[in-house]
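Both complexes below contain chain A, partnered by chain B and then by chain C.
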Partner chain A sequence: MRFVFKTSYDQDIRLLKHGGQTFWYGLLVVALVAAPAVVSEYYLSQLTFIAIYALIGVGLMLLTGYTGQVSLGHAAFLAVGAYTEAVLQAHGVPFGLSLAAAGLLAGLAGIVIGLPALRLSGIYLVIATMAFGFIVQEVLTRWESVTRGSLGITLRPISLAGVRLVEEWQLYYLALAVLTLVLLGVLNLLRAPTGRAFVAIRDSEISAQSMGIGLARYKTASFALSAAITGLAGALYAHKLQFISPEQFGIILSVELAMMIFIGGIGSLHGAVFGAIFLIALPQLVAVAKDYLPAAIGHQTGLEPTVFGLILVLVIVFEPQGLYGRWLKVRHYLQTFPLYKADMFRRQRTFMKSERAR
Partner chain B sequence: MSLLRVENLSIQFGGIKAVTDVGFEVMEGEVFTIIGPNGAGKTTIFNLISCLYAPTAGRVMFGDVELTRLAPHDIAGLGIARTFQNIELFEQATVLDNLLIGRHCHRRTGLLADLLFLPGVQRAEREQREAVERVIDLLDLAHYREARVGGLPYGVRKVVELGRALAMQPRLLLLDEPSSGLNVEETDDMAWWIRDIKEELGITVLMVEHDMNLVARVSDRVLALNYGQVLATGTPAEVQRHPEVVEAYLGG
Partner chain C sequence: MRAMVQFLQLVVSGIAMGCVLGLIALGFTLIYKATETVNFAQGDLMMLGGFVALTAVALAGLPFWVGVVAAIAVMALFGAGLERLVLRPVLGQPAFAVVMVTIGVGFMMRGLASMVPGWGTETYTIRAPYSGEVLRLGGLALSAEQLAVILMTLVLCTALYLYFRFTRLGVAMQATSQNQLAAYYMGIPVARVNSLVWAISAGVAAFAGVLLAPITFVHVNMGLIGLKAFPAAVIGGFGSVPGAIAGGLVIGIVESLAGFYLPEGFKDVAAYVVVLLVLMVRPHGLFGGHSRKKV
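And now, the complex of A and B:
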């Protein structure tokens, strides 16, 4: 067991709370940096995907997990980022600029959807964001002069400061760097007044207002930031796939992204990353499991979505805090080893039923 | 000197006249209590003062500022804090974070500075935490500092909500039924705290309360309300003896 003895305010403000965290996160960084030397190209490519999906997860988590605004339209922001990158690259804009533009344009799209969304909440907001997703997909299909419609756009490798990033490890490092910077930014935000205002809006709009938090301002900011982060991910996503077309950014992807953060663990950045790992690892695990399953099950079409759906249901029923919640419990079990109490995490019954008393 | 002046305030919801022509003044440094049977319009008056509703007629003046023209989130910046009848805390956040959110109206940093966590943000954070720590000391919340609000007992949450309002360092504190759901001991604590708030912190208190014992102990003046209309105003003893108030409560 570790007891952190606090003697200054800075200890609460710091990102790394104690030596143990410094050690483990340091080890993680070393492992991630060393990965290209150790793992095969195929697994490195999967790691790149994880980094990109984690980036989207962080963006979506900021909006859904921290501000409480559920979105089923995030594939659209991803598409805006991806297409901005693709079109700008075709026009010879350097990568640094086009990446920034992808984030910026997606952020603006976030404001556009965020403003009407101010009047909506709950299921109505879900429908509105879903509609936005359809609109963006349709625009990308029809606006052929720019997006080449259903033909799609093929991207050339990124050239960054004169170096063409053709190798997998180069893109991996780039995605990792963007993810790290965005994570640090979001972590900063969450320990500052802005992040707390987001949380306030999520938990009680009425008292957030009484604390002087303008709902319009902060909800729009959350939408914009979330969309901008997703846009950055979109630019990387486009280069990872090397080819983008409108049908990739449909409702299915939006649903997958939302499921990713719910399974990962809503309301924590760890959850966003865990969800991304899950989303990428699951198809691999299913593919491996196929060989061991009876042919009648293993060769069924739709095995993967079924497993995915089943896991989502199980997570919601048995572990609403997602993979991250499960991880916290496992860690607690190990830390307190012989003293673990089964009731430690049992949720208290609330007798006062209200919308917020979950 | 009057801090809050309510003038001819009325609000109608469709055909229901919730508040009709209510007027009163709250003086700087006093504890002013609104009493009345259920549905008398007490909380409605609070919601009108916090701009959650727009009045059909009349206005609310806070010093020289007309509140009725403002948005709900502009009120905090003027120095008005409130608590809610049914506790509206940020359930998934810790007690410390709840109180820190109470400091929101004192924030000086912008979104971009927060994103980069510039030295100014760090400095501001330390100051906010210092201010919050004073409230934690006053209300004896140190034991719950890191606890998630959602898991705390009702009595403690009530105190946390009071703390969150105090963290705003307001000039006027609106308390909506501070003793509802509290046991005798906790109500007693609440009475002491309200007195401390008035005398030590110099904050003017406007509250809605049912517990006449508490009302009599802490209030300087009381206003009795029934069916959205003022029945009587005066010291607690005067109002309790007022024939119309007796009739409203006992059914005459």
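And now, the complex of A and C:
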């Protein structure tokens, strides 16, 4: 068991609380930086995907996990980012500028959907974001002069400061760098008044309002930030896939993104990263498991969604805090080895909470 | 005159589609009213209902109407089981977590249905006894399938209305949906009533699936039409039963007209454009009650 003695106020807001964290996060950074030298090209590519999905996860977590606003239309923001990047690159705009534009445009789209969303809550918000997702997808399909419709756009490799990023490790480092910067930015935001306001809105809109938090301003800000981060991820996503078409950004992707943060653990940035790892690793695990299953089951295309759905249901029924919650419990069990109490993490259920009477 | 007939023709086919959407939306609404859960698996329940009917009619060779009853009965049992096994354990968790559970269940149902031997990922069609007949009325050509959909929706809605209005159990359900705690104090077995609501809702979904089967096809992804029933339920103001049918009709007619009079592409998003517009003007749908915030 570790006891942290607080001797200065700065310790309360420090990102790394104690030496142990410094050590382990340092080790993680070293491992991630060393990864291209160690793992094969294929796994490196999967790591890049994880970094990009984690970036989306951070964006969505900020909105759903920290502000409590649900979105089933995040694939649309991803699409806006990806298409901005693709179109700007085709017009010869340098990467730094087009990346910023991708984030900015997606953020603007976030404000557009955020404004009507101010009046909506619960299921109405879910439907509104879902409708927005469908509309964006249809616009991308029909606006052929810019997006080339369902033919899709093929992207060239990024050229950054005169260097063309053609190797896998270069894109990996780029994605990792963007993810790290965004993570640090969001961590910083969450310990600042804005982030605290987001959390207050999530916990109770009425009490947040009573404390003088302008709901309209902060909800819009949350939508815009979340969409902007997702837009950045979209630009990287486009380059990772090298080819984008409107079908990729459908409702299924939106649902998968929401599943990702729920399985990872709602309400924590670790959860976004864990969820991304899960989302990328699951198809690989299913592919491995196929060899051991009888052919009648193993060769079915429906296996993956079934497993995905099953895991989601099991996670929400048995571990509402997701993978991150499970990790916290395991860590706590080890730290307090013989003294672990199961009740420590018992959550109080709120049966009386009702959307209608809220 | 030609234009007028054309218009009416489109409206009638829109009403038929709207009835199916309305029935799915009715399923959402029943469950939402009773348990405040939004069931994203409603479309997939409809898909399973269609497949059960297909199994009974095409594979086991039973008469059509027996197949319909079998599908409704099997799905009602399935719905009650789903409530007991999956939904009841997550009671008391945040609303969106429960929504995610139903999404997961929908994924599973779609995946499993594609694995069942004899179902698979192919498309099938069920022939109803009335299939293929056309009724001519003035210049209008009304297909029997569409008329059957409209007629049977009317019958079902009347039956549901009478049930909720005049039977003990129906009134108990209304009480439960208004205030669970008070209903519990009055001696209503709330948990069992909720199971029953899921059963009815799954049965209605199966009925919608069977009605839809002769018009479109039975296949694993037919449940995705459920995503269009959401706008219908929202326009009706989630939680209002007549509203659900009205919303379905609005979406069906708008979609049918948009498909003909507007450029290509508008048909697919018409439902969503309409729902966004409605939500901007009335954040709780057309028929939705105004809710006050309490602390």
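Everything below uses one rule, namely that the second predicted complex is superposed on the first by the 347 of 358 C-alpha atoms of A that agree within 3 Å, B and C clash if a C-alpha of one lies under 4 Å from a C-alpha of the other, contacts with A are read in each partner's own complex, and residues count from 1 in each chain.
Here is the rule we use: a contact is a pair of C-beta atoms (placed from the backbone, for glycine too) under 8 Å apart; a residue touches a chain by one contact, two chains touch by 3 or more.
What you see is a predicted model, and the numbers here were worked out from it, not measured in a lab.
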| item | value |
| --- | --- |
| Simultaneous placement of chain C and chain B on chain A, clash or fit | fit |
| Residue contacts on chain A - larger count, chain B or chain C | C |
| First, second, both or neither for A:Thr141, with chain B first and chain C second | second |
| Partner chain(s) touched by A:Gly309 [first = chain B, second = chain C, both, neither] | second |
| Partner chain(s) touched by A:Leu104 [first = chain B, second = chain C, both, neither] | neither |
| Chain B versus chain C as contact partner of A:Ile206, first or second or both or neither | both |
| First, second, both or neither for A:Asp12, with chain B first and chain C second | first |
| Touched partner set for A:Ala90, first chain B, second chain C, both or neither | neither |
| After the two structures are overlaid on chain A, angle v-u-w for chain B, chain A, chain C in degrees (C-alpha centres, nearest 10) | 80 |
| Touching partner for A:Thr301 - first (chain B), second (chain C), both, neither | second |
| Lowest inter-chain C-alpha distance for chain C and chain B in the superposed arrangement, angstrom | 6 |
| Overlapping contact positions on chain A, where the chain C interface meets the chain B interface | 206-207, 352, 354, 356-358 |
| Touching residues (chain side chain B, partner chain A) in the complex | 50, 52, 71-77, 81-82, 84, 86, 88-93, 96-97, 100-105, 107, 109, 111, 113-117, 121-122, 124-126, 128-130, 150-151, 154, 164, 168 |
| Touching residues on chain C, where the partner in the complex is chain A | 32, 36, 38, 86, 89-93, 95-101, 103-115, 117, 121, 181, 220, 227, 230-231, 234, 238-239, 264-265, 268-269, 271-273, 275-276, 279-280, 283-285, 291, 293-295 |
| Touching residues (chain side chain A, partner chain B) in the complex | 9-10, 12-13, 185, 188-189, 191-197, 199-200, 202-204, 206-215, 221, 267, 348, 352, 354, 356-358 |
| Of chain A, residues touching chain C in the complex | 64, 70, 116, 119-120, 122-124, 126-128, 130-132, 134-135, 138, 141-142, 206-207, 251, 255, 258-259, 262, 266, 296-297, 300-313, 316-317, 320, 349-352, 354-358 |
